[in-house]
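These are the structures in question, set out in turn.
Two complexes are shown next, each including chain A; its partner changes from chain B in the first to chain C in the second.
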Partner chain A sequence: MSNVATSDTPRKQRSWYKRNEVAITPWLFLAPAIFFFAVYVIWPIYQSITISFYDWDGLGEATYIGTDNYTELMDDDAFKVSLWNNLKWLLFYLLAIPGGLFIAIFLNQSVRGIRIYKSLFFFPFVVSQVVVGLVFSWFYLPDAGLLNSIIGMVGLGPINVLGDPTWATYGIIAAGLWPQTAYCMILYLTGLNAVDPEQIEAARLDGAKGLRMLWYIIIPQLKPATFIAFVVTIVGALRSFDLISIMTNGGPFGQTRVLSFYMFEKALSEYGFRMGYGAAIAVVLFLIMLVFIAYFLWSMWTEEKGR
Partner chain B sequence: MFQRTKTLVAVLAATTMLSGAAFADGHAKLSGDLKIFLDTSNPAPRATMEKMIADFGAANPDLNIETTVIDREAYKTQIRNFLTADAPDVATWYAANRMTPYVSAGLFEDISDLWAEPEIAENLASTKGAMTIDGKQWGVPYTYYQWGIYYRKDIYDELGLSEPTNFDEMKSNCQVILDSGRKCYTIGSKFLWTAGGWFDYLNMRTHGFDFHMEMARGEIEWTDDRVRETFANWRELIDMGGYIDNHQNYSWQEALPFMVNGEAASYLMGNFAVAPLREAGLSDDQLDFYQFPSINPNVELAEDAPTDTFHIPANAKNKDNARAFLRFVVSADVQTEINNGANLGQLPVNAKASVDDDKFLKEGFAMLSSNSPGGVAQFFDRDYSAEMAAEAMQGLQEFMVIPDNLDEILARLEKVRVRINK
Partner chain C sequence: MFPTPIEKMDRSHQLTYQSLLPVALILWLLPLIAVAVFSVKPASDFTQGNYWGMPGSFEMVNNYSQVFFNSDMPRYMLNSVLIAIPTVIGAVALSCLAGFALGIYNFKSNIWIFFMFVAGNFVPFQILMVPVRDLTLGMGLYNTKTGLVLFHIAFQTGFCTLFMRNFIRTLPVELIEAARVEGVAEWRIFWYVVIPLMKPAIAALSVLIFTFIWNDYFWAVVLTQGPESQPVTAGITSFNAQYRAAYHLMSAGSIVAALPPVLMFFAMQKHFIAGLTLGAVK
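And now, the complex of A and B:
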């Protein structure tokens, strides 16, 4: 009697699991990741979008105001300046990629002592962004800075890079390019190690050298490195914040703000009491990022499929 | 259960002692916990506060005091979190409009009962206004300091100048200083608020304290002709080249060397500038102070004197201990002690306390108590609502760099004012 019961039930359970094992197991492994992704990524995104429809000072009652925050953004000069500056960052930050490639090729030689040079070029990437910002603000100082001493020797200047609303943003981007170029250089140095020597040999026999060798043989093989360099550079440009905060604090008169900095000012800074408005800015920034995220996912997917 | 009885007894003990006469001598024995958050992160104020809290602890050996010092700038953003989530029993903040968001969100405790006690009502009367919102008091001040023009006396002597008493003298002095190859005023406007000081004074001297406060409450249009008049006065100083160049690059500390090196003759600042100027090597013979001169003789002189304060969060757990601590902080002896030159180097808020024997403190105290008939303002970013202050100070900086943009700036500020007061 008892024998029948024990032999019956386990078989039933096992068969259910057996039947679904292949489908279930990957989800079991994925579950923790999905859970944390939902709680720490999806949920906050949903929350920011919700808050952006409210007028809320972060403390008291939140009032639903529909799309008023977005309507106000359309008419906000500071927002336009921030958006425009973000575009400048996106565009000029990409210079880090050819810069990094150039330095990597330059350093990819077997000369005595080249490792010292490599580590020196590696240095700016190790240094904190805050320190980079400080060093560059001294470099740009209108009276005592090194930059004005240098251009003074050829009879130019003095220019006040960080105090002049037309130059300040470019000055900060240039400072940001320093560590970013070093980062791209590292990526390309790794990529260059993986370049197939036989292909180079074959190309050389076919008479390729110099720029043609670089363009047709080397760069195509560096495609994975270029892709990663592109991703980190775009992300770095969009989340630029530390350098701006250190070098100009968004000034002079708010002309070096970018979206992330403006969002911080409106929602979280000393005088910020507008969570809803800050959230609306965050949503706009998120939409811009979404374009790139979609592109990255799509290109990774096609890459996988091609294999 | 035992725990609860213990706290109940403690609370009872505290309240009975406080209601009795015992508290007056400040030695009522307290027990339980007291959690204090401070934003006094600079070395000297930090040491002062820690010493004061240690004294309070020594007088109340059964009290378990826990002090947390938070970086002053970080504190400004963290206060929103800790007042709602994990409130201390006592927290530092600032007077006037700067406390409005927390008062209206119900995060600060109404301590009008403390202010009704004769000890506080009589001796702290002068600062009551700055602590009052909706007819109730929401904290106690522990220190304040004067603003005014600190100048290089040796340069003035060399050029045969004397302290100006009106705007014409101020301008003619400035012209002499400019002719000698120096700048009249140093300023670092990178963090914007310093420009607010100049606007405060020019506006209060041109139209008086009441007008300035009406503006602060958002009752006056930024495009009003009277506001333009203030800017026109300011522009005279800008156009003659009175300010150092490239001030938008410097913080207020980075603007100090111009004065120390004698490249600029004076600095409109709060009294906290004296300590670094002395440390940089200026002696009291070289450094002096004068009240911002009158511009319109028909308005009474009014001053900026920001007040730093202690508050009890509404979510505090040991409010009676906190009240006892606030009484201790504002008492005459403690006020004399913590504000002296070796400690905060500022002015005591208690009328019975004595001002330290320091040239600038004495001069500032005399100025605020007898030569500020118009009134005492807190400071631009404490009197104006936070959002208006942020936009406006940015506009003031822009005006100082590109004065021709005035019309755009005022139109922009007016738009913000209308939206805030909607």
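And now, the complex of A and C:
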């Protein structure tokens, strides 16, 4: 390359940019995205971690108090309830994965009109969680809700799902499972399309069918879909905020709070503007999420290496 | 194909399946069907306790015109449009640039920058909340659509870059190398060679991001208040506070608010699903 440049007199004048084009260009292309991302995502993470060591109402002077916010969290019952509810969310939200697989298998046929069925089944995911939350709170209405009419028919109830501290969180998770299952269903429908037909034929000749076929032949081939479903479901579970805010606003008696909601309450609502304390809650939530982020990056890393 | 195609089964199986489909669909969509029915009922049905029965009278025009002409809903809808569209354009533009840089060039820190975008995309919103709200206040953009748009562009760039970079990786490298040998400038390669090939990815991302932003609630509450700048998700909650027991109006409002992403989904279904399932099938 340098040969060409030196032997060719007019080319000597090539600008510094021209000579370094391939090395410089990626940085020019990356600059705006990195700038935005650094300002609005990376830097705020650092700031939040810093704020968590301060006592600050968001307006006045912030006082450094070391780890006091974290020590206070240890004795905060509302924090414990939130953490415990986050665990419930993590655990029960994962039901969306087998649920989605089940519906995907049910719909994976080529009868007439099946495409419309598939897209209508996907509907709940497209609708905003705010609307889902409203709809489900009507569904759960203690006096007139459809749920109580249905369980009334079999002689049960009535239960006030959202008004009952033991049931409310499960009621909200059920509402969240509805769109999340739809999402997992789409992932699995796409996955099922890519299943190797020859392996299925071979397994059929060997006499495999039904559940055995599903377990030994199909599910291993759906691994990529399961991986994505797992990641998006975990992230969804930890992000849960909209439904709680709409359906119970944390109640009854604060029993449906999760970390993301409790943080918001502490930092930005009538319960006070304790920014430092809120930031400390957010840091705990972030650390939980970090475990899953690390796992995701690690799998991406091994996959990239394998290329 | 799994499970066994139904047309290979006997007649009774086929009939069972055919009749099971609509039943399953109705059960699955029952909550939404209920809202749709709510939205055409008269107010008197709810005071008389006729929640789930047939509508006493058919009040569709009445209820919906109430929402359109007698509430702040149209304003909230317009805000949502004015927030979602610039965000889509901004995030897609930034991620096309970044995805091109990360997908085509091999430089030392490539994978780390890529991982930064991927990781940032999974961060819980709450850890960004206090600083982003402060920053927005400091720039004088609190309670403006611009403030919301700037944040959304920045945050969505994480997901979009992940998507774009992986998409560009699947393009044939020979094309770009051939252009380089010809002496085509790098930015012209981007504009004339890569961008035309990225059209399906751009379409997929655009519908997806539009839906995500339309449905955002958390940031709407954190960065805005009041009908001048709040999107429809926040609007529907204040609507809810205002018409607490007016289920017929609430339902009509919810349906109106949910309609744009739903229509978008049906119009661009193929792209939408391609965007969501990225990486699920290799």
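What we mean here is this: the second predicted complex is superposed on the first by the 260 of 307 C-alpha atoms of A that agree within 3 Å, B and C clash if a C-alpha of one lies under 4 Å from a C-alpha of the other, contacts with A are read in each partner's own complex, and residues count from 1 in each chain.
Definition applied: a contact is a pair of C-beta atoms (placed from the backbone, for glycine too) under 8 Å apart; a residue touches a chain by one contact, two chains touch by 3 or more.
In this text, all values refer to a predicted model and were calculated from it rather than measured experimentally.
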item: Dominant toucher of chain A (residue count), chain B or chain C; value: C
item: Contacts of A:Asp77 with chain B and chain C, given as first, second, both or neither; value: first
item: Partner chain(s) touched by A:Gln109 [first = chain B, second = chain C, both, neither]; value: second
item: Partner chain in contact with A:Thr248 - chain B first, chain C second, else both or neither; value: first
item: Contacts of A:Pro26 with chain B and chain C, given as first, second, both or neither; value: second
item: Chain B versus chain C as contact partner of A:Val39, first or second or both or neither; value: second
item: Partner chain(s) touched by A:Leu156 [first = chain B, second = chain C, both, neither]; value: neither
item: Partner chain in contact with A:Ala279 - chain B first, chain C second, else both or neither; value: second
item: Partner chain(s) touched by A:Leu91 [first = chain B, second = chain C, both, neither]; value: neither
item: First, second, both or neither for A:Val291, with chain B first and chain C second; value: neither
item: Interface residues of chain A shared between complexes with chain B and chain C; value: 58, 141, 268
item: Sites on chain A touched by chain B in the complex; value: 57-60, 72, 77, 137, 141-143, 160, 162-163, 248-249, 251-254, 265, 268-274
item: For the chain A and chain C complex, residues of the former touching the latter; value: 21-23, 25-27, 29-30, 32-34, 36-37, 39-45, 47-48, 51, 58, 103, 105-106, 108-111, 114, 117, 119-124, 126-132, 134-136, 138-139, 141, 144-146, 149, 178, 183, 186-187, 190-195, 197, 200, 209, 213-214, 217-218, 224-225, 228-229, 231, 235, 238-239, 241-242, 245-246, 259-260, 263-264, 267-268, 275, 278-279, 281-283, 285-286, 289, 292-293, 296-297, 300-301, 304
item: Residues on chain B engaged by chain A in the complex (per definition of touch); value: 73, 76-77, 80, 83-84, 101-102, 104-105, 107, 190-192, 245-246, 248-249, 381, 386-387, 389-390, 394-395, 397-398, 401, 412, 419
item: Contact footprint of chain A on chain C as seen in their complex; value: 1-7, 14, 17-18, 21, 24-25, 28-32, 34-35, 38, 49, 51-52, 94-95, 97-98, 100-102, 104-105, 107, 110-111, 113, 115-120, 122-135, 150-151, 153-155, 157-158, 161, 185-187, 190, 211, 214-215, 217-218, 221-222, 233, 236-237, 240, 247, 250, 254, 257-258, 261-262, 265-266, 269, 273, 276-277, 279-282
